Amino acid sequence: MSEEQHIISYRKLAFVWVALLALTALTVGVTRVELGAYKVLAALAIACVKGGLVIAVFMHMKYEGRLLRWLLFLTLVTLAIFIGFTFFDVLYR
Amino acid sequence: MAASELDTRVRRGGFWSDTNRTGIASWIFSTDHKRIGLLYFYSTFGFFLVGVLLGLLLRIELMAPGRTIMGPQTYNALFTVHGVVMIFLFIIPGFQGSFGNLVMPIQIGARDVSFPRLNLFSWWIYMIGAVIVLTSLFTGGGPPDTGWTFYVPFSARTGTNVSLAVLGVFIIGFSSILTGLNFVTTIHRLRAAGMGWMRVPLFTWSLYATAWIQILATPILAITLVLVAAERMLGTGLFDPVQGGDPIMFQHLFWIYSHPAVYIMILPAMGVISDIIPVFSRKPIFGYKMIVFSTLAIAAAGSLVWGHHMFTSGMSDTAVLVFSFLTFIVAIPSAIKVFNWVTTLYKGSISLEAPMLFALSFILLFSIGGLSGLILGAAATDVHVHDTHFVVGHFHYVMFGGTGFAFFAAMHYWLPKFYGRRYAEKPALVGWALMFTGFNLMYFTMQVLGMKGMPRRYYDYLPEFATLNLVATVGSWILVTGLIIMLVNLFRGLWWGEPFAGNPWGGATLEWSTPTPPPTENFVEEPVVTHGPYDYKGSGIP
Amino acid sequence: MDPTRFISTTEAIDPVFMFLFGACLVLLLGITAAMLFFVWRYHRSRAPQPTSQVESSLRLEIIWTVLPTVLVLAMFWYGWKEYLVLRTVPKGAMQVTATARMWSWSFAYANGKVSPKLYVPVGTPVKVNLVSQDVIHGFFLPAFRVKRDVVPGMANYAWFVAPKPGSYDLFCSSYCGTGHSGMTTTVEVLPEAEFAIWLDSEAKKTEEAGKALLEKYGCLGCHSLDDTTKVGPGFKGIWGRSETVASNGTERTITVDETYLRRSILEPNADVVKGAPPVMPSFTLKEDEIKAIVDYLKVLK
Amino acid sequence: MSHPPHKDYDGAKLGMWLFLFTELLLFGGMFLLYAVYLKRYPHEFAAGGKQLNWIMGSANTVILLTSSLCVAMSVTAIQRDEPRRAVALVAGTIICAAGFMTVKYFEWSAKIGHGIYPGSAHLKAGAPGESVFFSLYYMTTGIHGLHVLIGGALLGWIASRVNTGTVNAREFILLENGALYWHLVDLIWIFIFPLYYLVL
């Protein structure tokens, strides 16, 4: 294998894992208190942070080239458009 | 005859003779992209013939009002199967599977695609899916009768074999995804030395954009079909108003895939046209960069317009506004392409051989189809013509006048390269002329019918539509006569015709620099690209 | 301007068609002419060598990006503006409720009258509220350029105004199964006075009550009153007829009597007539309604 | 032209990522429906969410996060040429997968025991939005569960290749791709969990 490999240390992985657990606890906590409509938003925001961590570290995205990051971005934007544009109908019906 | 046939087989060199398997196994287990390409070609082609036959039966039924040769239920099943076969078994996998596989790796100077075994696997699951779709015709509650769009709640309650058909389409979708990711990886990773992005031939560019649509849109179709099957088998009720579901949501999900899918169908066709026109005009393509840009723009903007299939559905007016607007935006890159193709002809040296004739008629027919798309895209006018034969005319113009004619162009342009023999020119022209006439006679008439208000998917119609329907049916016979002449000539030529070698058309893309037929590894020497794909001087073509 | 005058749907839509078709025709002719001319002028027999190797021109690209953009935006805007006419019901429109089912229409008026054809007075805007009892249907009036899907669970509507008396086609435009193409009826446009008489006319004479019910529940979408087979068997001479039916998969021969008719209506799939598709939905009718239907079928010879 | 078949490491990874994109969109379709119906039936969704057992959901979240950690560490292990450890870590992942499915099994059977499943009489009688919520819940977690099973099987097969040495410190793309797939399963769950179990 010619390409340079980036090896992530066990410690770093474990650290991320702890962070993920903490964030999980936080989500549960946040949704227990009364936040009204913000609850979904808060839960989703935390989920996004968790997802970001998994992608960046567990899935090595942090160490990948620009190409993959762009493509991932493209995919997420596409998904956002699919969901978002549907709401042009759902919100105004 | 048999002896001479054997003869030709033996003499056919290149990848044809270079194999350690024999017989059918040398094809269906081969990972050579050229063999897989031909597998795809013949399987999609076979299904295409099935579809054509069904189409003809539809036209015969519509020849006169009332029952002509079949009852309503049979008719409904036939147009459903015709649509499903044409869309999912032929036109979506067809171009990419056959010419994409045959030509693309050679055009970028690669020995094969990135994942040859996955490529073979794609073909296999495509076949499995296709067989399942065809099985659904003869088992269960009879052939599906929902139309290729599978609209709920009808598809959730009809007693026919929808679940199996949906499963087949699901599997074919999976195959489509795998081909897409294979091609994207190939085009990113395996371009020959010197082939920067701005030296990639336009056909390959179009496959690249197509592959992205496949990757990003097909999963939505997959999940939608799973949900329909669940609706039927488990009673999930996600689209059933009685249980709180919303049938319109099905339409959103379906068109989120199926509108981009029409660009899966047309982009490779546009790519072929962009490759053929410069070759037969001996001129570089005009506005290479703009064509690349418009290819990507179509792919991107094409994902934003699905709602134009739902203007009358009860969707919100805001959505009608947005989707109508975006639909018009997609038309712009198509217009850019058409203008650049026509300008390429200017001051060229044009030779009207079969591939070129098909390419030029593509421009005309696609323009008619595309312009009728604008009528559909405008909210006010779509209301009148939605779900009428005007729409049927529109999509046959773009799918068959567009993609179909481009497919024929590609067959006449590239197949001799892979067979080492060619067809006769005269009969090809006769076939073309008949097809062109019959095509317009049939589909233009259908558009007129639609304007007069004849709804689509109608087994029977009022007497006022009778004459035009008869004309359209006669058109379909002329069309098919031309098709038969063309195919007989083409295939007879490929097996027994004049030898074809070297670079008779004078193309500057890499596939014309390899031996004919190409060897298994495509190139004798690893190519190094020093000039653009349409730079005839640079590649030493007079 | 007279505020009671409004633009009819046809008057609104047709100019858009004209504009779009006109623009498309000009473009198409232009492109075709250019193509044919180039092919003729630069054919290899006339131009053995290309006389230009120009690869692009920024100016041209800009021109043929900007001009089409302007043109399509005009098309879009015009199309949208007139679409709003279709969506804006004039004040004081008469309300009718159209009920679609597999595979027939019925139209209910404010006074409770129900009709299988859509009767409207001339010159009065009519708002049609669209209700579906089963799958998606389409309410399509080609003469008035009006179309709207009839979606179960959704309150869709359409409106139109008929400038002249006459009879106009009404189609089901959205595919809904076996009887889709037969799901047609008409709009009968009557002069104001005639319409008023029609609307107020007493429902039906008593012997006609059965027939009215068959119309009301859409039976006649699938059954004819003569002996032709539409989706289901024709009703003429049904009483006392002996026929082969499949009950739970076993075939038996029955004679049509009151019990059988009752069962055929309440549980249509219990006995399925040989050769017919098992598609009839079950109906829950009131006892006197069934009685009336049976009485009517008895005498239908 | 006969050089040894050349392995395209970056190409293989790119291919895997593209596949993951399709998976994202597959679930994306269901999230789309979720969003639309949440907008339409906020109260029924909240009521539905209350009926799900958030403790079991949280337990499964922890299990999946741990499994993800294991498989990520196994990639590190193989890169550092510690195949035994890599196999052990993958085994840990698979055990977590089994645990996840067990918890799921209890959850589902409890719900079904209460007469809550698609098309059940209980749901038909209740508010329309509730039936939508549970149908979505079953479809989403069902398809997710299917991915857990597939991922587990895949990792089992890869572990056996690590054992035989076909996957090793120089040729570990298979394990890396398997791990990517597993992380995706985790990633999806990260979103499913709050959306279904915590929308009170």
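So that you can tell them apart, the chains are marked A, B, C and D in the order they are listed, and the count of residues begins at 1 in each.
Quick note on the criterion: a residue touches a chain if its C-beta (ideal position, glycine included) is under 8 Å from a C-beta of that chain, and two chains touch if they have at least 3 such contacts.
Quick caveat, the model's predicted, so the values are computed rather than measured.
Undergrad: Taking each chain's centre as the mean of its C-alpha atoms, which one lies nearest the mean of all protein C-alpha atoms here?
TA: Of all chains shown, the one whose C-alpha centre lies nearest the global C-alpha mean is B.
Undergrad: So using the touch definition from the top, which pair is joined by more C-beta contacts, A-B or B-C?
TA: Per the contact counts, B-C leads.
Undergrad: Could you grab the centroid distance between chain B and chain D? Build each centroid from C-alpha atoms only and quote it in angstrom.
TA: About 35 Å separates the centre of chain B from that of chain D.
Undergrad: In whole angstrom, what separates the CA-based centres of chain A and chain C?
TA: The mean C-alpha positions of chain A and chain C differ by 48 Å.
Undergrad: Measuring from the mean C-alpha position of chain B to the mean C-alpha position of chain C, what distance in angstrom results?
TA: Computed from C-alpha means, the inter-chain centre distance equals 32 Å.
Undergrad: Indicate the residues of chain D shared as contacts by at least two other chains.
TA: In chain D, residues 10, 14, 18, 21, 24-25, 28-29, 32, 36, 40 touch at least two other chains, as defined above.
Undergrad: Residue numbers in chain A touching 2 or more other chains?
TA: 67, 75, 78, 82, 86, 90-91, in rising order.
Undergrad: Please list all residues of chain C that touch 2 or more other chains.
TA: There are none in chain C.
Undergrad: Kindly provide every pair of chains that touch.
TA: So the chains that touch one another pair up as A-B, A-D, B-C, B-D.
Undergrad: Within their complex, state which residues of chain B touch chain A.
TA: So the residues of chain B in touch with chain A come to 188, 216, 220, 248-249, 252, 256, 303-304, 306-307, 314-319, 322-323.
Undergrad: Can you tell me which positions in chain B touch chain C when the two form their complex?
TA: Residues in contact with chain C: 72-73, 76, 145-147, 151, 153-154, 157-159, 241-242, 246-248, 281-290, 312-314, 317, 320-321, 324-325, 327-329, 331-332, 335-336, 338-339, 342-343, 345-352, 360, 363-364, 367-368, 371-372, 374-375, 377-384, 386-388, 452-453, 455-462, 534, 537.
Undergrad: Write out the stretch or stretches of chain D touching chain A in their complex.
TA: Residues of chain D touching chain A: 7, 9-10, 13-14, 17-18, 21, 24-25, 28-29, 31-32, 35-36, 38-40, 54, 58, 61-62, 65-66, 68-69, 72-73, 75-76, 79-80, 170-171, 176, 179-180, 183, 186-187, 190-191, 193-195, 198-200.
Undergrad: Looking at the complex, which residues from chain C come into contact with chain B?
TA: Per the touch definition, chain C meets chain B at residues 12-13, 16-17, 20-21, 24, 27-28, 31-32, 34-35, 38-39, 42-44, 47-57, 60-61, 64-65, 68-69, 72-73, 75-76, 78-87, 134-136, 138, 140, 142-143, 145-149, 151-154, 156, 169, 171-182, 184, 231, 277-279.
Undergrad: Going by the contact rule set out above, which residues of chain D touch chain B in the complex?
TA: 1-2, 8, 10-12, 14-15, 18-19, 21-30, 32-33, 36-37, 40-41, 44, 118-119, 123-124, 127-132, 135-136, 138-139, 143
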